[in-house]
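Both complexes shown next keep chain A, but they swap its partner, so chain B is in the first and chain C is in the second.
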Partner chain A sequence: MKFRCERDPLVEALNAASRAVTTRGSSLPVLSGLRLELHGDQLQVTGSDLDLTISVRAAVSGDADGVAVVPAKLLSDIVRALPPGAVTVEIDDDEARIGSGRSQFAVRTIPAHEYPQLPEPAESSVSLDAGAFAEALRQVVAAASNDESRPILTGVLMAAEGDGLRLVATDSYRLAVRDLPGTSVLAEGQQVLVPSTALRELSRLLSSAEAVTLRLGERDVAFEVDDVRVTSRLIEGDFPNYRGLIPNAHPNRLTVGREQLLEALRRVRLLAREATPVRLVLKADSVELLAITQDVGQAHEELDAKHDGDELTVAFNPEYLIAGIDVTPGDEITLETIDALKPALIRGVDTPEFLYLLMPVRVS
Partner chain B sequence: MRLVIARCSVDYDGRLSAHLPLATRLIMVKADGCVAVHADGGAYKPLNWMNAPNRLTEEEGRWVVTNPKGETLTITLDEVLHDSAHELGVDPGLQKDGVEAHLQELLAADPCSIVEGLKLVRREWPTDIGPVDLLCRDAEGVAVAIEVKRRGEIDGVEQLVRYLERLELDPTLRPVRGIFVAQVIKPQAKVLAEARGIACVEVDYDELRGIESNVLKLF
Partner chain C sequence: MSPAGPASDLPEQRPTATILHVDMDAFFVSVELLDRPDLRGRPVVVGGDGDRGVVAAASYEARAYGVHSAMPSARARRLCPQAVFLAGRYHRYAEVSRRVMAIFRDVTPLVEPLSLDEAFLDVAGAERRLGPAPAIAHHLRERVLDEERLTCSVGVAGTKFVAKLASEAAKPKASPHGPRFGPGVVVVAPEDTLGFLRPLPVQALWGVGPATLAKLHRMGVTTVGDLAALPEANLVAALGRSQGRHLHLLANGHDPRAVEPERRAKSIGHEETYARDHHLRSTLDRELVGFADAVAARLRAEGLAGRTVQVKVRFGDFRTITRATTLPTPVDDAASLLHAGRALLDQVDPSPGVRLLGLSVSGLSEAGVRQLTLEEAAKGPGWERAGRTVDEIRARFGADAIGPAVLGGPDGLHVKGRHRQQWGPGGRSGDEPSTQGDRGPDGG
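Right after this comes the complex of A and B.
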């Protein structure tokens, strides 16, 4: 294999594919490498940990086709460190030679035949608006769990809902639900559970894209954005019955400016240390925020707000509360609750397509 | 323990200078010589203090505490409101909650809280390199060796690997699988356990004790 290309696009391709390369010890040492495949002037760079695969196409000036596996970190570090300009890569049986100007590197390769056969994405595809999908992912993915001992909760549920798509994630402390009306991706009643790690990687690619193509297989899903394909295994198992968690009616409803509440929470949080919750005292015309950390101090702030219901004090994990309000759309939000120990529902006024359900923290 | 409540001001002179203006405070003089000045607030930390060993010199309206480094704590007494001394005896020390032994005891009483279907064979099952915390049988009758830690780190996994090697030598037990149980297991320990074929389970100590957590869950 031999090709030549500019340093910066090669660095981008290597970096993107490297994000799927396993950093932990793997039973397959070959997965610590990037698979390079050259056909004509088209280079495909692939990194995988078998659960997540990222494959990037890059246009190069190809001299000789071929396939090779090169240690991922070393290759990325070398190319990144080269001076700007053209880079030449030449790979024979067991050595990759990388050069630019007067800099020359020779790196031992990993036998390419050891690289596992990765599943081919499904042929049928659906195209989604990248901006809307990116916004939906931003709202939902953060609510997924990082606890690998509960794999179901590390996924984001993608389900057909009416004529659109619904994304749902929960870590058992909070639940985020986002509807994308009119986005027909799945058949009626169909739902899949996509690892949040894959969707986080996808989110990084969507900021500058116009469309994302989704290919859904039986056991995996692929997202294509421009020259990058992110493929992930689907999580098998039943997602919790989240619909039953959302109360139908709330006797207490606070309406408050979103930005004002967010800024006040960020200030008050400074004194909510060591897992101390932030208390919200819901009053008729205001909401008081209070954080007290023993032996450190306390913070208090009052905001104008409209509250329908009884005066009530309810406490939340400040990080989860801020994260939810931050992704809730609109200038004004509502916080609806039954009492201090029941889940609170946060929504934007007049934006029914997103909701965030958050469990309070018990305080004396 | 001598307890003095007094209107006093305090000056510390040492690595830095600090001054506490006149106010009513509690001065504690402990049997080992420690002197601590407390306000009526804060859970545990004195406003100023001098650790033992030191020398307390009492003068009329003034105490001077000096330590071997030459640092001084000068307490100027304006009015003494209370002065008493009490014999506290030898302190038995702090018994920390959540110790491994209690965790092991709770898990032995309810092995299903680790994995459904587990039945306890014996606590502290002896091997020739030391006892394994719990030996159980799973629903299929397979022997399961369980190592219990408060914090799950690599050395705990390695300890369980050594026990498993010894238990595998016993024809009445083998095959034996391992479960590493802790309140929190570090990522490196999880990786090592996975590589050694050992399952990791994190348990909630409060839940095992039947204590309701303040952190509420949706499900």
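Right after this comes the complex of A and C.
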């Protein structure tokens, strides 16, 4: 294999694919490498930990086709450190030579035949608007769990809902649901569970893109954005019955300016340390925010708001509350409550496509 | 204008000696002797009796043979085969300790217990009511002897660490001809502090372990007096800034630490040392079930919940590893602790042989504060209520009335708990919740 290209696009391709290369010790040493495949003037760089695969196409000026696996970190570090300008890469049986100007590196390669066969993406594809999908991911993915011991909850449910697509995530403390009406990706009744790690990677790519192509296979899903393809194994198992978690009715409804509430919470949070909650005292025409950390101090702030229902105090983990309000659209939001121990519902006024359900913190 | 002397920036010392360190004499053994007067005058050792148990306490008669606490029980047996070995009864010691501490609190609310058998008292405020600190010290000894038939030794000084050294000097000493009574109370007035400290070996200072000791010896420092004579800069150069400054202060009789009543526990845990190494994950898993049950019960008893769960594993070769995880919300139920503990144990290969296993929880907060879950809102209370029900059953019918099924055997159920624990290589501190992890190197 031999090709030449500019340093910067090569750095970009190597970095993007490296994000799927596991930094923890893998059972397969070959997965610590990036797979390079050259066809004519097209270089494909692939990194994978078997669950997540990121593959990047880059235009180069090719001299000789071939396939090789090169240690990922070393290759990225070398290319990034080269002076700007053209880079030459030449790989034979067991050595990759990387050069630019008067800098020359020779790196031992990993036998390419050891690289596992990765699943081919499905033939059929659906195209989605990248902006809308990016927003939906931003609203939902953060509510997925990071707890590897509960794998189901580390996924984001993608389900057909009416004529559209619904994204759902929960870490058992909060639940985020976002509808993308008119986006028919799945057959009626179909649902898949996509690892949130893969969707986080995808989110990074969407900001600059117009469209994202989705290819759904039996056991995996691929997202294509410009020259990058993110493939992920689907999580097997049944997602919790999230509909059953959402109460049918909330007797109390607070309506408040989103930005004012966010800013106040960010201030009051400073005194909600060591897992102490922020208390919301919901009154007829105001909401009081209160944080008390023993031996540290306390913060108090009162906001104008409209509250229909009983006066009541509910406490929340400030991080979860802020995260939910932050992704709720609109200038005004509603916080609907039942009592201090039941889930509260956050929605934008006039934005029915998103909801955020949050469990309170019990304070005895 | 006088040049700034080396002592000018040192923390202030009290003008009079008003800090007491009270240390019960051979506490566990003395409590045993109350219940077994027939053993009085004989060498008695309290501690783990398994192959790997250690001595928790030794009578002065046993100490004459070289037996001391934290020594492996097997070695104690060789040194003093005629000694009476007792397994130890934590509950009984705790009960007596509570009464003794209550006597201390009659004198002053400023009582800082270090363990079951020692405490610091700040009596500055009590002097007007009860007389000067040395008199209070004598009065305390008399009351403890009168009410509990136990002896203690009291050090009186202007700082905590000098008070502790003074109580050491006040203690009875073992000798081949039987115990020799000590003075019982030793008072080191602030103006006598340097004279008291000077002849002591440097290892008497808090924070001088073997490594520091070796460095100090290389510098020709063997006594506290040698150390006090060194300029602080030399010590900082040899030992680093914090250690150098710390020892400089101590050697000159300064210790800014105040007596802190009601020190809050920083972690709650349970660990056990095994008579034989365990190689099987399944065995360790069963142990973990019992530990989670015991730790959860203690958390609930103290009204606490914790977020950080740690598993500690010591292998047969004493290599010790810990693995910890932080949960999104504080927990106080056995199921959550076990779930987290198992995930941590998964990261450990037990096949080389596990000598000690421990489970502990830190990041403690009031248990009343808890992030609720959507599942429990939908399904109703889960393990949380189960845990409280377990507590109620145990309070009525005893610890072994209910417990995890895997702890059952042909002879019934044996749950884990402090009262069941053998003293392992870690000695008493291993099962002492209020002092685990937050104890200065001067504790013990």
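As a working rule, the second predicted complex is superposed on the first by the 364 of 364 C-alpha atoms of A that agree within 3 Å, B and C clash if a C-alpha of one lies under 4 Å from a C-alpha of the other, contacts with A are read in each partner's own complex, and residues count from 1 in each chain.
Simple rule for what comes next: a residue touches a chain if its C-beta (ideal position, glycine included) is under 8 Å from a C-beta of that chain, and two chains touch if they have at least 3 such contacts.
Predicted, not measured: the structure shown is a model, and the values here were computed from it.
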- [ ] Record, for the superposition on chain A, whether partners chain B and chain C clash or fit.
- [x] clash
TODO: Of the two partners chain B and chain C, indicate the one touching more residues belonging to chain A.
DONE: C
TODO: Kindly classify A:P343 by the partners it touches after superposition: chain B alone (first), chain C alone (second), both, or neither?
DONE: both
- [ ] Determine, under the contact definition given at the top, whether A:T276 touches first (chain B), second (chain C), both, or neither.
- [x] second
Task: Contacts of A:S172 with chain B and chain C, given as first, second, both or neither - done: both
- [ ] Check the residue A:V363 against both partner chains and state whether it touches chain B (first), chain C (second), both, or neither.
- [x] both
TODO: Quick one: classify A:L245 as touching chain B (first), chain C (second), both or neither.
DONE: both
Open item on the list: If I apply the document's touch criterion, which positions on chain A are contacted by chain B in one structure and by chain C in the other?
Closed with: 148-149, 170, 172-175, 240, 245, 317, 341, 343, 357, 359-363
Open item on the list: For the complex, give me every residue of chain A touching chain C.
Closed with: 147-149, 170-175, 240, 244-245, 274-277, 315, 317, 341-343, 357, 359-364
Task: chain B contact footprint on chain A (complex, rising order) - done: 24-25, 148-149, 170, 172-175, 240, 245, 294-295, 317, 341, 343, 357, 359-363
Open item on the list: For the complex, give me every residue of chain B touching chain A.
Closed with: 42-45, 190-191, 195, 200-202, 212-219
Task: chain C - residues contacting chain A, complex - done: 307, 328-330, 339, 343, 363, 365-366, 368-375, 377-378
